[in-house]
Amino acid sequence: AQETTTITIATVNNGDMVRMQGLTDAFNEAHPDIELEWVTLEENTLRQNVTTDIATNGGQYDVITIGTYEVPIWGNQGWLAPLDDLPAEYDVDDLLPPIRAGLSVDGTLYAAPFYGESSFVMYRRDLAEAAGIAIPDQPTWEDIKAAAAAMNNPETGVHGICLRGKAGWGENMAFLTTMANSYGARWFDENWQPQLDSREWKAAITDYLELMTSYGPPGASSNGFNENLTLFQQGRCGMWIDATVAGSFVTDPNNSTVAEQVGFALAPDAGQGKRANWLWAWSLAVPASSDAPEAAKTFIAWATSKEYANLVAETEGWANVPPGTRTSLYENADYLAAAPFAQMTIDSINAADPNSPTVQPVPYTGVQFVAIPEFQGLGTTVGQEFSAALAGQKTVDEALASAQEIATQTMTEAGYIQQ
Amino acid sequence: MGQITLSGVTKRFGDVEVIPPLDLQIGDGEFVVFVGPSGCGKSTLLRLIAGLEDTSAGHISIDGRDATGLPPAKRGLAMVFQSYALYPHMTVRKNIAFPLRMAGMDKAEQDRRVEAAAKVLNLSSYLDRRPGQLSGGQRQRVAIGRAIVREPAAFLFDEPLSNLDAALRVGMRMEISELHEKLRTTMIYVTHDQVEAMTMADKIVVLNAGRIEQVGSPLELYRAPRNTFVAGFIGSPKMNLVTGPEAARFDAHTIGIRPEHIGVHPTMGDWRGVVGVSEHLGSDTFFHVHDTGLAPMMTVRAGGEVGLTHGDTVFLTPDATKIHRFDQNGIRL
Amino acid sequence: MSTQASRSAARLMLSPAVLLLLVWMIVPLALTLWFSVQRYNLLTPDRSGFVWFANYAAFVTSPAFWLAILNTLLLVGGVLLITVTGGILIALLIDQPLWGQGVVRILVISPFFIMPPVAALIWKNMFFNPSNGLFAEALRGIGLAPFDFLGQAPLASIIVIVAWQWLPFATLILLTALQSLDSERLEAAEMDGANPWNRFRFIMLPHLARAITVVVLIQTIFLLGILVEILVTTNGGPGSESTTLTFLVYKEAILDSDVGTAAAGGVVAVILANIVAIFLMRAIGKNLDA
Amino acid sequence: MARAVSTQRKAVNTALAWGVALLIAFPILWTFLTSFKPEPQAVASPPVWFGFDWTVRNYVDVQRQRDYFDYFWNSVVLALGSTALGLVIAIPAAWSMAFVPGAKTKDLLMWMLSTKMMPGVAVLVPIYLVFVWLGLLDTRIGLVVVLMLINLPIIVWMLYTYFREIPGEILEAARMDGASLGREILYVLTPMAIPGIASTVLLNIILAWNEAFWTIVLTTTNAAPLTKFISGFSSPQGLFYAKLSAASTMAIAPILIMGWFSQKQLVRGLTFGAVK
Amino acid sequence: MGQITLSGVTKRFGDVEVIPPLDLQIGDGEFVVFVGPSGCGKSTLLRLIAGLEDTSAGHISIDGRDATGLPPAKRGLAMVFQSYALYPHMTVRKNIAFPLRMAGMDKAEQDRRVEAAAKVLNLSSYLDRRPGQLSGGQRQRVAIGRAIVREPAAFLFDEPLSNLDAALRVGMRMEISELHEKLRTTMIYVTHDQVEAMTMADKIVVLNAGRIEQVGSPLELYRAPRNTFVAGFIGSPKMNLVTGPEAARFDAHTIGIRPEHIGVHPTMGDWRGVVGVSEHLGSDTFFHVHDTGLAPMMTVRAGGEVGLTHGDTVFLTPDATKIHRFDQNGIRL
């Protein structure tokens, strides 16, 4: 018999990843010499564990699940094995260009996208109709505000709009950064001077708070993606602006009470030329400390391949195929037919530009984040401020002032700002 | 003040009748001792009087007033527990003052009474110590102090000396007796030590399995025990009980003769036996005499020092006037 | 028992435990002290070097520091208050004769067996959640607006969760202590005319002093390290409303990957914890002497 | 106070005590109930009590996602292993402190406890590095040692308070009878302290089972216990209350059941010298 | 077998010298009782002999062999503790066999010896019980059994009866004496009860603050106490000690006269006094006589029952041949 190699795969506990675990029999059949061990964790715990391990060269993982935020930083750090030798049939060029760009450093791919996403507006067509309004495919924030006001009806348990409020750089700050982008705001100017005390930020946050306090659900400051998903599935939200992957959940009749009623629209803008949509891809990468990089790459090539998409389609239906990574998927008629949100998804993804995310120029890449190591901590701390503002414990000005102070301190300590 | 009457008092724990209906009169100012073997119901009876247990039937009256249903605090009695039950976190002063404080007495009066009690009990210099810093005898006195300050109608003592060592016990026994002389308050005192009963009581109540076997003054019980139980229980060392032909000679089923009422002689006397263990206390000597044919062993007391040792043959002669006679039910004839 | 031989045997037998704990304490502590004066961020390994006390300064001057100390004290104090008073009341209650005592005890003790992440998840999702939580349902049921517990009263909510976990522990120790109270002492107090309240106040409560001390001591040690409950429910927020010292250190270490500052924070936390401990021992430690 | 308690009073006590007890246990009971609901009914408003479509689907789903028994088995090994190791080290130490006390015994005990006050996160990186160097990451033995060290102070303290109640005379008697120190501990002390040791063991198993920092940080797959199992269910996408309840039930059930069955033992010993 | 010699044995706890240098010879087969007030160092001395404490100085030899540094198990002694120190988790059989098991004796021989010991001690029918299921006296016997089986050179007893109640104590006292008769092994017995000391000992060692006050047979100590300490300690009730002119009459600083050596008469005698508390035991009566001008209180024993009560005037006459004379240092003249 052959030597078997065991590889340890760290993944997040979301639906597509869990589904992949269920389908590994197919992989095992093709590769009996590779044994898979799974570590499935909640996103933050995963990030914490993986970061610690990689930074200390622990070598616990052979395949890790990371996002577009980490890839460029870690790739730069030399922590990831480059994926430049993927087989021809993998068809690297089929990857969506914005996604591929987000996962490359200086043109070298460091992670393969498992699924990609942007953000868009999901809304209840039935409620909109009942309220006598229409939401355009390319709405403005004014449209959103008007629609939220029209659909809001707390007595029947329906809130006009659900947005993220839970603190975290990947939670409320992902949404708020894109919203700010569309208002013409930016995190830093070209000299890394924080811009959180700018007029644009104030306008964005003020509107956000107004939306949420007038038309949002109670306790919004602890709502993240999941909480909002649950609310929307239960029919408690008129609108929800969030990740495009949610499209498949809210239209899934098994879990959603409103599956038939969901409409989609691009993320709103404020007439400044940028829409409030982000770009994210959960991707698989091989840490440089892995002792089985070849087997790991073999696995990654399988898990992010076209065949895998076909496999999922066969067993679970086209609607459940991991979205947002390959051009070919969006040319597949079966998929387009099964996924009413597909077109809106690909449009959103293509509308995002990680290299030029804002109206004004910035020194960083990343749409809903700033691709520097300090952002994790900074984004989360600032997120806490906005969360506090949402909870009514701070005013907009107070929140922005302390955000600015925190950002200045962080950037100074980290050496971006020279005194 | 301090008359207690029990009529038909009964106590059952579940199905077990621990005290069958029982009548007892305790006069004002009497020192009454309940004595009896372990488990005979002494504590239970005391607790019934105190109100710490409910009677199953019967009535208790204190000073003519029916107290059967009254809560303990209302009966005007004070109790000294076997374990002393001092409050370990309070100073001696606070311990003694506690009942007064509970009664809402004003501070100055409390202090006055505590000082007075402490004086009586020789506790004045320990008032600011905690119970943990006192010796056994001192703790005992604190417990008594806590009882005294309330000026109760009667004191109840439940084996208050059984936790003390022999020497202390003698001293405390005396102190309690003196206290009674001084206060002349009714005292009910539970013990299973017959020396305590004999030396302290005005009146002894001998209990056996919840029944009263005999009530009387110590010397009455010593001189004329009503049955073999009392005969065996009162007096130390125990009365020698003899059955068989020798008893029949005295027209009785059983005869009893106390060790101190038997004469010993090396060569002549009524009964012949062999000396076993002998205990020389200096003041007295106790011989165990075997092989008399009367009882497995006869105990004999000889005054002072006697030159008999293990294995010697002796002759015993009872003082005929001091022989107790019992029928086959053990009842005194 | 104090022959020379037994004393040396005792020293010998004590040494494995002492040495192990010493190593367990010294090695990480030494490394921590070392890191605390280094610039050491996991994500920027190239920017490293000796920085004197800059990390300490950064930690102590971080905006959330004082709030974190306050929150830590509130959390520990709040939980202790609830568990001790609750524990006494429940112990008094279940010490009474009642039917089904065994089952009652099993129910009361149960939260003690629940692992912290599960406890936090249950409370967060099924109770505190302002949309689907049972509390929200209950409030709605009586016609009130749902309350956002974790958003509006984050620290109080965490205190509730933690107190729920520790209530059984306090109850059990206090119950055992209560049952060890000599019944003669209570009877004596009754003879002395003390009513039930006075018996509790003057006899039972002082008797429980030692047990309360132990509960306070042990719980404090565990409570100072509370992390998972915060992490799962509020993530220290909103703002820094529920950030404790431990959580602040966590934030430095994990979110910022700033090992240096986290180490400095850890040292600060250890010092503060020991101050609390010494304070505790001084204040109530005399109760512990046999 | 053996006076009869009126039935009425007892009934009131009973009602009150049951009320309080059910309230305290309610979150657990509710979780258990929820674990049998279909997801939509788990978040239904108003909540459904018993009239839902009972299903074990959630358990099947959870088990399909992750093999429960791997985690369960690791939890068992870690809890028992750390407890056994802890006992072996703590019994002699507690013997020394209880029977040959010195002026510094109390201080030593307090020092041991103080080692528990170091926040885990602060030493995470140092410990992780040590584990990397020693190759102990994701090994059961590494975790066993860590859990043992975390709980050692508590074990020592509990045993110490227990041993102190054992009269020294008995050990002296054994010594007079010719028992060596080892046999004195093995044949006399340990059997006499069985109730105390039992509750120490129980408490330690509970603490080790529920430890949720190091067990998550220092393991990946081979040594991962149920704390890691549950941390993968904390916020997946979509409706998850029922599945979360099922996973929670699975994670806590073993220790809960053990706790219920041994609560007498546990309670009897859980005093930390709080009861003289 | 069983000779024990202490020479210059000293014990210090820290700075406190509990036993100043002390010499003592214990002969083979002797029954030696250490007696003295609480805290005088009796237990400490016994434990030094047993090897449970290290001596601070001096030598202990057992049967001529230096045992000073030997561990307890090697000294060939057996000890019976005050609390019995039975192994609660073992049956009686296992308890008794434990020392044999530790010595690695084979099973059959163990059984044989245990059965034999059980027979001697009347324990045969309890061999499979646990200590918890036995009465106090039975436990006591098990502890003795455990000591016997080893056939030790000497037995050490530390207040073995102080946990028993009065009645049992008398019985067990007898049993231990009988055991000594039977085995004739050296026994060292610690007590602070002088009745035990008097009745059991071949030789009494009276200790006071770690020093030996007197060594001798019970009757020697009773008849000729070497000093006032021993005089006061031995004999019950205590000897009356009188100082002042009346003592000077006898050419002494202090004279002592035992209660049993004083005659009582209602109208005539040497010393006049007033009756205080009287204790009537039936067999004897003890009077406390006050206001004699000799000592605050004189205790007097009168045989049988005497018709004197509180407040009566009495006259006391000492038996002149039984008067003990002491100098100003309390040493016998």
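For reference, chains read A, B, C, D and E in written order, and residue numbers begin at 1 within each chain.
As a convention for this text, contacts are C-beta pairs under 8 Å (C-beta built on N, C-alpha and C of every residue); 3 or more make two chains touch, one makes a residue touch a chain.
Note that the coordinates shown come from a computational prediction; the quantities given were computed from them, not determined experimentally.
Common neighbours of subunit B and subunit D under the contact rule above are C, E.
When C-beta pairs in contact are tallied for each pair of chains, C-D comes out on top. Greatest Cα centroid separation from subunit E: this falls to A.
A straight line joining the Cα centres of subunit D and subunit E is 53 Å long.
Averaged C-alpha coordinates put the centre of subunit A at 36 Å from the centre of subunit C. The geometric centre of subunit A is 89 Å away from that of subunit B, both derived from CA atoms. Looking at subunit D, residues 1, 43, 45, 124-125, 129, 172, 231, 233-234 sit in touch with two or more other chains.
Residues of subunit E found to touch two or more other chains are 52, 71.
The set of subunit C residues touching two or more other chains comprises 1-2, 42, 132, 187, 190, 254.
Those residues of subunit C that touch subunit A in the complex are listed here as 41-45, 47, 58, 63, 129-132, 136, 145-152, 231, 234-241, 251-252, 254-258. Listing the residues of subunit D that touch subunit A in their complex gives 39-40, 43, 45, 64-66, 124-125, 128-129, 131-132, 137-138, 216-217, 220-222, 224, 228, 231-240. Note for the complex: subunit A touches subunit D at residues 8, 10, 13-15, 18, 21-22, 37-43, 45, 48-49, 52-53, 56-61, 157, 224-226, 229-230, 233-234, 245-246, 249, 252, 255, 257.
By the touch criterion given at the top, residues 38, 162, 165-166, 170, 174, 177-178, 181, 192-193, 195, 198-199, 218-219, 222-223, 234-237, 258-260, 277, 279-284, 288, 301, 303-305, 310 of subunit E touch subunit B in their complex. Put simply, subunit C touches subunit E in their complex at residues 1-5.
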